[in-house]
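Two complexes come next, and they have one chain in common, chain A, joined by chain B in the first and chain C in the second.
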Partner chain A sequence: MHKCNEPYHEPSSTPACPSLAVSSDTNRVQLAHGGGGKLMHELIQDELRPLYQNQEHCDRDSAHLPQIPSDGRLVMSTDSFVVDPLFFPGGDIGKLAVCGTCNDLAMSGALPLAMSLSLIISEGFLFRDLRTILHSFKTTLEEAGAELITGDTKVIPLERQDQLYINTSGVGLVSSSCQLNPSQIQPGDAIIINGDLGRHSVCLLGARSATSDVLNLQSDCSLLQDQVQGLLNAGIEIHCLRDLTRGGFFTALIELAEASGLEAQVFERRIPVCEPVETYCELMGYRAGFLANEGRFVCIAPEREVTKILNVLGPEAVHVGNVGSHSTGVVKLEKDFGTQEVLRREYGELLPRIC
Partner chain B sequence: MHKCNEPYHEPSSTPACPSLAVSSDTNRVQLAHGGGGKLMHELIQDELRPLYQNQEHCDRDSAHLPQIPSDGRLVMSTDSFVVDPLFFPGGDIGKLAVCGTCNDLAMSGALPLAMSLSLIISEGFLFRDLRTILHSFKTTLEEAGAELITGDTKVIPLERQDQLYINTSGVGLVSSSCQLNPSQIQPGDAIIINGDLGRHSVCLLGARSATSDVLNLQSDCSLLQDQVQGLLNAGIEIHCLRDLTRGGFFTALIELAEASGLEAQVFERRIPVCEPVETYCELMGYRAGFLANEGRFVCIAPEREVTKILNVLGPEAVHVGNVGSHSTGVVKLEKDFGTQEVLRREYGELLPRIC
Partner chain C sequence: MKHLSEYRHAPSIIALTRSIKAKVKTPLRLLEVCGGQTQSIRRNGLDALLNGSVTFVHGPGCPVCVTPEAAIDAACHLAKNKSVVLCSYGDMLRVPGSSESLLEVRAAGGDVRVIRSPMEAAELAILNPQREVILFAIGFETTAPANAATLMLAKQKKLKNFSTLVAQVRVPPILSQLFQSKELQIDGLLAAGHVCAIDGEEPYTHLAAKHRVPIVITGFEPVDILLGVSRCIDSIQAHQFEVNNAYKRVADSRGNRSARFIVEQVFEITDSEWRGLGVVPKGGLQLREGFHTMDAMIRFGLNQGRPPRSPTGQASHSQTFKSASRCLAADILKGRLSPPDCPHFGVSCTPSTPLGAPMVSTEGACAAYHNFGVPKPSSLAHSEDTSSATFQTRKRPANAQVQ
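Our next item is the complex of A and B:
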């Protein structure tokens, strides 16, 4: 008999212990997949081994890096990816994890050789989604010409079952003679960006609010190494490259101005922004220059190289400004009506979890 | 007037929006610290820059690896650390993050040269704890003789404000002539472990259940490179090394037996387990041989080298078994009363989040 003093609970389809529900669902990752036992062995053999060119590397905790030519140097970079949502128009966290690290290497003039892949997976994550993401990772890594050589996998209990964090660390090869850094920047240098700004951020925001269809926008997430190698192979003198990720073009330029001690001058009307991004920014009060991109970079080079650079980077590249001779270490934005703004870092986060 | 139809809520000291509470608390990490703006710049400059020997590396997305001698090769390893709790007797996640990756390199015979540090920090994380952890990271890295050369920081919203995940990737230098891997294992080889098993796991369990005081146990978390270099520098022939982390000694040995195709025979009574770990295992039904360690490794080497190896590794090292000549690829555990057990991988996780 149902007693009145006791609260009555409807039988729920959710078991009292979420772990039990997960552990009986073979479509989902279980905590046990990270425990070092049989299930972890299966996860590694079934899902991760196919990612390795040299499959022996899959079973080892470390791997030899390739031998390098005597005129080459190795460069290392690392990035953790916590993007939300994991899938977005134009990519997913698997593609992003390769592009992000390879692009960091590319900004040193390096081509990626070897990569590590470390996964932190929430308990209950769908194997179907994991496989899609690992497939993206693999195809993008092949496109980059790099090899996965070592990895690690952890499974953690989280409130949300759809969380995945990826760390990739990459080692790339660069010619010993290649010197790309802020100290190379000279007064008079041209400031060029390789395309319009803000697509990745607005695309992510659209995917979060399910307005992707309205925006009809793809992330710019892509590998930059071919564009960079195109510049270097053409014998063009380049002083500095920087990808325009968190903080966007404006923050990257602020950092370069501070590091070089020189003044950068950029013309607002020259900064390319596509129509959906512009509209979105107007509606939401964002500035495209501060939005994160995942396939855009700034190239700082002597003025005489501008035509050649624009030829290599293609029709979307724009010469947006120049480095001045004043040692102010600031960025001046020349506005459309003749006014001038000294750019400052945004205080905090504009858009969390876009990378 | 308080109307009876409406449930009455006590005013709570917790604001409706947790983010607001966090953003007004300067003792805690905010989402904005990961956003690419001014706060992120401050976090990097104030907390992370001091970790770099070459502070210029702190501002770059990638860094050159050191030049290596012509008879050397580079080895790479990666590990993500999600240990819970972050602080435990004998260490914390900062120390663990260095030891874990350096020990993976050490198992190849390598000494660590360069390391990356990638942080995923929960919104609301206490700066005080972050500083303690980064201090441990730095002192352990100095002890290892390695240099932090690149890093990344993300801040994510989580239910718990005390979460921190760390990825370290390491590059180490090994002599070209050093060949340590399962294919080197020979019939007759001795199996030696460098100390008693299970301390790290039981220590973590104790810290979770607040029984640390009763257990009076410290984690074995430590750098293994000095012991390994001691073996190599003494000219001792070593066939294979493996650290005994997730899955413990038994899983490591199962993997080595499978990889070499040979049979391993281990004597249960020789396996060293300290009294608190033994008691804990008896109470909880764990087997120390499957528990994760963070400062233990197995060394497989010709029988004739045993005395020299034990001399180098010290009084805690034990010769626990040998490799047989059968090509079964299994591990046989000789029990105290003359029976024999073929060891199998545990099904799932014994202890999640111990590394």
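Our next item is the complex of A and C:
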């Protein structure tokens, strides 16, 4: 059931009111749209009900999950999206909210079945923007092949009127035989990433400082399930997958090295970074390897599978390094002039350098 | 970016390294005073590459490490004022004053904004006429021109709600002080390329001659740094106590006269406290009288009853961090002690549990060693993470090419 701040039972005697609040592009979300009354009812009927493929889900008190085949198991993931700005080159928070959760499921080898959508909207938010975001959500969810089965909406007074937060939880189905996790990582495994790093972060940072036009860059925000299914369906042996969101490739690799207890060796010069991202990082003192992506993942698999993996993932994928045999649990970044750097987690907030 | 690939070019780095090692007969000690160079040396393992031929001595080159505690205290105090928007360069947020950092003040509700350019602070003042916007103007000669230009703009636009908290420092006076110290044993200086891009060679020519120290203006990429090292060795061996410029692609020998002109319009030279180092004669900048209306200390009455300056850096440090009396930051900043030789390094002092500013700031020497590994872990047998505290030279991998 799609819920709002309070339950609402429309009196049967009240005639249906034309949805004035949502008829104009300049109309804004009011506190009453989450207040359990008429406006909330209109919001659900006009904007949220169309997101449900199966209308029964919108009316039920709790979501009914699909039947699970005997050779499969369910996996679940949840993620909250607080991206600023809400619209960025290559996507918006609606698309991101589907990609983020579906990509988490994809890293287990799963295909998404069902999703929840919780919206926290600031009072005064433009309906025009809300519709654009919900449209992105719907089209991306359709692309993912999943359906919305439950949701919730809250409207709260915030300092800024252009804020909206989304939480999505996703349930996916994975074959019982598919085991992708850090404990599967073996010495000698290849480390492959599916494309260049840092686009999503730099896109957002550029949009925040109004330098998007100069950067001419699109976020990599996209669904990863087709690439992952491509690998699994080709019968390639994969040991572990990890999407490269917050903290980026380097942090993901540090986590995997620690979890597996093995040493990862990555060749710095192989790490693909496009020119606008590299330039931006140099100016600001960032490292692309630590920046967030929303359409990139690392694949750890036996060395013998490298060619097949690169064929499936396409020309942007790069074999950047290998898992070593030492049980140090660290990541070593190899420079091609003969030194190596032990990678450490960064502080956690991107702070531009001073000079 | 062609400048990056050219100046990170492995064959050039290898050739320069070989050439340096071949011409060094006895190990040399070179001082650098720039957090960017410290980071580059450590990140790329240049010290390990030179394998004892050259030891890099890291001076007070981290701008936020030397910003006095009293200035951070004033910034924290101002940021707690609900009418104030305090604008600061990013790394400054993490370094604590006597009791807290700007990050902590922000978490408690203070309006602290990270800026990439000081002009962003002026824009904020224009867009928010009901708020008091304060620019925390810190740094070396590199930040002074943009900070000064922002103040000139604010004055020109008659911004009534814009002011600045100034903690600008100057490099040549601290170098003079370090060179006079008998404790600092160095053979040459790699001068910070971007500071020299503003100042030019002139302030350094006098220093080189007076203290008989060869000085090479040096950039930041591995090839830049090794080129600076190579030129410095040539000067040392030829007993040429003069300034050489190995960063001509950015630093003109005359510096940037327009930038200096702007700085001179807004700031005047003053004695200044450097955190950990005490008061350095002519070591800083203060606002000229014509800009006093934009002095946040005056506007918010902080110049009355301001905490007295501590006479030495050690005293200043003792109030800063928990257990700070143990911190040897003053010795680190003066180049007397290399971070891994500090008994607290990696044991009781890490970026998560810092005893002093050089372990907090990403540009600090201690953080640079901690984040990018230490060449000699043997003295750190009890380090919290000795397994990762290595930075070794290694043979070039046979499969270094992307397939």
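Here, the second predicted complex is superposed on the first by the 322 of 355 C-alpha atoms of A that agree within 3 Å, B and C clash if a C-alpha of one lies under 4 Å from a C-alpha of the other, contacts with A are read in each partner's own complex, and residues count from 1 in each chain.
Basically, a contact is a pair of C-beta atoms (placed from the backbone, for glycine too) under 8 Å apart; a residue touches a chain by one contact, two chains touch by 3 or more.
Remember, predicted model here, so these are calculated numbers, not experimental data.
With both structures placed on the common chain, the touch criterion links A:V342 to chain C but leaves chain B unconnected. In the superposition on chain A, A:T78 makes contact with chain B only, while chain C stays out of contact range.
Looking at the shared chain after the overlay, A:R128 reaches neither chain B nor chain C.
By the touch criterion defined above, A:S118 lies against chain B but remains apart from chain C after alignment on the C-alpha atoms of chain A.
By the touch criterion defined above, A:E334 lies against chain C but remains apart from chain B after alignment on the C-alpha atoms of chain A.
Comparing chain B with chain C, more residues of chain A are touched by B.
In the superposition on chain A, A:Q30 makes contact with chain B only, while chain C stays out of contact range. In the superposition on chain A, A:P352 makes contact with both chain B and chain C. By the touch criterion stated above, A:F267 is placed in contact with chain C alone, chain B being left untouched. In the superposition on chain A, A:M107 makes contact with chain B only, not with chain C. Shared contact residues of chain A, touching chain B in one structure and chain C in the other: 344, 347, 350-353, 355. By the touch criterion given at the top, residues 209, 267, 269-270, 275, 278-279, 282, 284-285, 306, 310, 318-319, 328-330, 334-342, 344, 347, 350-355 of chain A touch chain C in their complex.
Note for the complex: chain C touches chain A at residues 1, 4, 10, 13-14, 17, 36, 43-46, 48-49, 63-64, 89-94, 114, 116, 138-140, 142-143, 194, 222, 351, 362-363, 370-373, 387-397, 400, 402-403.
Interface of chain B with chain A (complex): residues 23, 30-41, 59-65, 67, 73-82, 104-105, 107-108, 110, 114, 116-120, 149-152, 154-159, 165, 167, 169, 171-172, 174, 181, 242-243, 245-248, 251, 255, 259, 292, 344-353, 355.
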